[in-house]
């Protein structure tokens, strides 16, 4: 199994901390990510509301690049990229007409599409023991709400990793760190990503509900695996708090950051310093508490 | 082929098999089917490029007195027929000891020289140079120049014809037929005690070698083979009149491949095509 | 016996003329599978050095299928209609001695207790233009059955290839002489200087002594020699149908519809399981070895007994064509070598 | 052969477009036809007499009648002829009406065709052979698989008619799902009260042999002559000794080891247990998976307390075989698993409803238990999580059913009714409570059914909301039910105390396996298939095997009972005669030419082809050939067409008969 | 029928339970249809041996129609499934040896599809009429049948 790495725009931009923490963690597992050479937009942004063909051709190109470069699996940490790549690989395989059109657009033959995996699948593939061995700091005492958002375990029936309504795979990974995943309601509720730019007010309402429910179930932090979720929950949280003062400030971490923490990686290396809602204070507090006990 | 001889001797010595059906040298550079009953006989066994015969035909056609288990030397293609015979209840798997051979190509017909233009058609698209099923495997694979798949080409030519042309083509071919039934007798899967053509009351197929009888004979034979024929090509080979009967079967096989992804005799555990069905199946030709 | 020269061009000329005269003209097919009708304008293939055709020219005097009569039933009676066009005038070019010789052998059985008009009419109306044979292979054994690649036995006119490509034509029978007379202008007189026959390879060595073999057969119907002899025979009729002398046939009725049909005579073969199978299900020749013994005996014992002729011309077709390498000459040879 | 041809004018019906005189005239010239005549009404008495007379006068030995479709009068004319000593299968019917006169105008053409149709059959009938009905003996003992209400009803009907019945139930007690129910719609009478007496009746009936905690191992044979192998699982109790005092159960130390299936997991039970107090038979079972003794070889308290040393830890499964004449399959249903989907199952679960995650989101049957006086709450409305009385309750219909995305397209049929019932029961118990029902449609077809639903809405004030629920989540002790009111076109949100999911009926997971054992078809959901949805809803494609209850498809109690009685009736019809008479149109093997490739066996829809070994005098095997079990063969002839050597022939439609027809066709103008 | 006009001769093999009954329905509903088809009734399409079709052609048919129950409706559960698989090969085989597909027709006609039956019968007859007489087969028949004719 030769795996390609598809960063997508977020990893290079809004979610640099995701990217860096991921790299750091994998480094410990001495896994090196080999980026697809000359990758391009995954078509998630506005492509698929403007042109279906474009939205198909863009990911198809990347899939094909990967195949051409001899990869049989693509790892797309960004849930949006993942979703696009997955859906398109399905489409070109099942819809010959579309495949032909795409080939026409790209001006090249489509090779057998590689297997597409997201953050959860990627880490679930890694041997649990290996991860457990890396654990330096026990995060028990840290209550974590695992938030999957709308893409990580969907679409139902295609994404076979986990149940799309009551997923549990992230919890499994989180518990490696010793942190306690809380049982809560909004694991797969909408964060408003689609409206992120045009209707921030909607985003606020939706995101607030998520944060509130997490808090209501005693979560200290929310762990995510998707840049969109992260930006909505983290970046917008200040504004949310401004508009709804009752909101309890809750740091939002990427799964990789949480793992990194327990693997004893330096905060800044993980990019914890880049968060809008500073997680570091809270974490320190918790960990001290542990220490005192 | 010391390995082959040794294996054969061992089998006969141990009494695992009462005899072994194999090939022995015949003529200048030919072979012929041969039954080894003793270790001395086993010495005479050979395997080379001239072992085109499909010996599995002897499993239930020959009058060889059957006592105990049989050993047989078989190429991948022959073993596909053996698989069919097992699936069709003609022999129990445990009663036949298969000495599989890695096959490096065969000549078109007994006694031909081993040259590219003499390589049998069945070797052109062979997938079972190493058999899918055997009790012991002997010999090593060596590369050889595959022949042009002229059979396929011929089929495509015929398909390209108009119905009337096709009809004319086959009439010309079938008119040659003298009803010697060499095709039937040489076919390991034509094992009926009394072939439909030998049945009167009613005489579905006229026995006379005339255009009527010959047409229905060849059609019905191809039909009875469809989904069963493994394309060993013996029928075409033994036809004294040089009628390319085999391609009818090849054509049928192409259909079973296209519509069911099914190749007869490849997997002994797979259910046969004839006698099984799927609820939904190609029926665009049915109104 | 008169001798003439006929040029290869004249042979084709002759063929054309014969067609105009309404003859069936028959000669080797290009692919060498059989003797076929020569179409107007196409050349007659003479192939002295080529392998004998897969199928012998037997079919022109004893066809693979022949309608004996047609019938039409009504509620009360049956109407019988004779077939037409029986025994059409035919000329066969270039039969090798081993083929030409066959007709005489067959004539015996077809005129034995009952005179077979179908056969006789055909022989009567057929002119056989034989050809000296220059082909030798492992299966040839004409010399072992008292023939030779050079004999005109059974031909009406016998051709010998000359070095300049012409042929020496010898009239063997009355019919032959008459035929040549009728087409005189195609035949030139012999001119001593340029009549060098093409040198022929040595006649095939005798494989066995037929007389000696018969003696053994006379007393060894039951003998372990026969056991398992046919084990590997597939029991098809290739050997019999290509054979110039095999003459077994089967008579069946075929319906066209519910009132009319025909009675046909088709080739049959002693190697078929069904050949001797009784209605009861009992089969006196139950295993292939019995059937093969029958084949050998019929050719080298029964026929000689009855007609003082061996039912074999040594053309070796049966062996060449056999899919599993059964070779009758080898087997008879083996008998010869016994004890 | 002397064949008589009788052309019927059917009044004007045939006569108008077919010149029957001419047809009869033409037919009279066909070879083999000894007599040919036309008449106005062949099926009338004079017509029949005309045929009889002709048979006598002309010594006819076969008859072709040109008349209406054989589906109309074949029987009639066959009777007429057999009354004159002609075997009914030497009579053929040419369809001159439906297939000729009624569909053509041109008299010449129609007449030609009529003559042809008759000629074809004249030729065929020449090859017809006399056939005689096949008689198979009937074992007059029925097997009822399943001891639910359907099985009970069928068993009692048959037993009361005086025939022996073997009832096999896989659970330790009979009663099935009905015994779990509290009240039943539309009358709200107590389920237990009407069921228990019947259970006891079964137990005590002299004609019924009750085998609980048993399963069908194998079924051989055919209608009237089945041989059934039954596995009686080890109860670890000697049934003959146990008097059901229940001491062992009281004293069993591991009280809470297992969830109670009967209470749908709402309560726990001991390792040695009877499923429920009114269980029949009232004999405990030891659950070997949890019992301490089987775990670590110690305990044996039950042995000590049992006054009749009925406990037998070494007891093993026993295999018994029964001779059976007819089988009634009443294996019932199972509830759809609402839980989040199991990794292996192709069915999507309802994770969004949080069943299994939230204690107070429960299934229909669980609600039945809560509502039931014999249930865990003794019939009081208490929610599982904290035992509080739910003040707001939401019922969701069509959970599992009618939902393609979850893999079920069918309607579970009973949910509308039982949800209405649930809502009512709730309102009757919690007067100040609010009940909401989310529905797609209300399907209340049936006697007093719609009235029942209306009552729930109008008298008991249950709020019906037309729409689906998208999500349920818990928020400080409340369950937020988010859905849509499609009539108002508005999203709705209800903070409920308890949610009841009207889960669909699905087939028993084992039913495909059972179907294979019985060789009867089943649909893609695993429900057992009837022979014909309208005309043969009880029969299966295998003669002598009948269906009852929801093993066939979702059904409510009245339907199950009706169907069970119907199945019983079918069985009694079968038992009515000692010999079973069957159409002799069956396949026959020519063993002399059969080569035993057994493709016929592969294609036979009825497993009617068996393998027969042919041995010589010394008992050595010569060959194996196909053999047709005429008891099973239904006469489709697929084997005949498949057989390469035509060694198997379908009597009545043999090759030579069809060949003859085709030869006759050759003369068609 | 006047001489010059060609009237195709059609043999129709139909199953007893669906198509034959469907044809009955067509009759009882008085749906007019062309008179060129001759029905041969068999219990099930499973019984229809491809060899019937060949014999039909030998017997001078210009076209053949085979019809039975829809998949799943088979009175014998699975007879028509095996038939369907058989035809799949047979049809292409016939085409391959030069028997035009326009002369061999297959259909599912249920007992309730009287109208469909009529459409199919008329359809087949017209297609074959357009094809003209099956000369190829006539010729090989003649070869045997001389001098009768």
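In order of appearance the chains are A, B, C, D and E, and numbering begins at 1 in each one.
One rule holds in what follows: a residue touches a chain if its C-beta (ideal position, glycine included) is under 8 Å from a C-beta of that chain, and two chains touch if they have at least 3 such contacts.
None of these values were measured; they are calculated from a predicted model.
Peer 1: Moving only from a chain to one it touches, give the least number of moves from chain A to chain C.
Peer 2: 2
Peer 1: Name the chain whose C-alpha centroid is farthest from the C-alpha centroid of chain A.
Peer 2: It is C whose centre lies farthest from that of chain A.
Peer 1: Does A-D or D-E have the larger number of C-beta pairs in contact?
Peer 2: Result of the comparison of A-D and D-E: D-E.
Peer 1: Go ahead and note the Å separation of the Cα centroids belonging to chain B and chain E.
Peer 2: Centres of chain B and chain E (C-alpha means) sit 34 Å apart.
Peer 1: Between chain B and chain D, what is the gap in Å from one C-alpha centre to the other?
Peer 2: Each chain's C-alpha centroid was found; their separation is 47 Å.
Peer 1: How many Å are there between the centre of chain B and the centre of chain C, using C-alpha atoms for each centre?
Peer 2: Each chain reduced to its C-alpha mean, chain B and chain C end up 31 Å apart.
Peer 1: Determine the centre-to-centre distance between chain A and chain E, using the mean Cα coordinates as centres, and give it in whole Å.
Peer 2: That gives a centre separation of 63 Å.
Peer 1: In chain B, which residues are in touch with two or more of the other chains?
Peer 2: Touching at least two other chains: 193-194, 196, 204, 206, 208, 210, 274-275.
Peer 1: Residues touching two or more other chains, restricted to chain A: which are they?
Peer 2: In chain A, no residue touches at least two other chains, as defined above.
Peer 1: Considering chain C alone, which of its residues make contact with at least two other chains?
Peer 2: Only 254, 256-257 qualify.
Peer 1: State which pairs of chains touch, listing all of them.
Peer 2: A-D, B-C, B-D, B-E, C-D, C-E, D-E
Peer 1: Spell out the residues on chain B that touch chain E in their complex, using ranges where they run on.
Peer 2: 158-159, 161, 163-171, 196, 204-206, 208, 210-212, 215-216, 218-220, 222-223, 226-227, 248, 251-252, 255-256, 259, 273-275, 277-283, 285-287
Peer 1: Using the touch definition up top, name the residues of chain C that touch chain D in the complex.
Peer 2: Touching chain D from chain C are residues 73-75, 255-259, 281.
Peer 1: Taking the touch rule as given, give the residues of chain A at its contact with chain D in the complex, in rising order.
Peer 2: Per the stated touch rule, the residues are 156-157, 163-166, 183, 185-186, 213, 216.
Peer 1: So in the complex, the part of chain D that touches chain A is made up of which residues?
Peer 2: Its residues touching chain A are 340-341, 348-352, 354, 357, 405, 473-476.
Peer 1: Can you tell me which positions in chain D touch chain B when the two form their complex?
Peer 2: Per the touch definition, chain D meets chain B at residues 592-593, 595-599, 601-603, 624, 642, 644-647, 655-656, 659-660.
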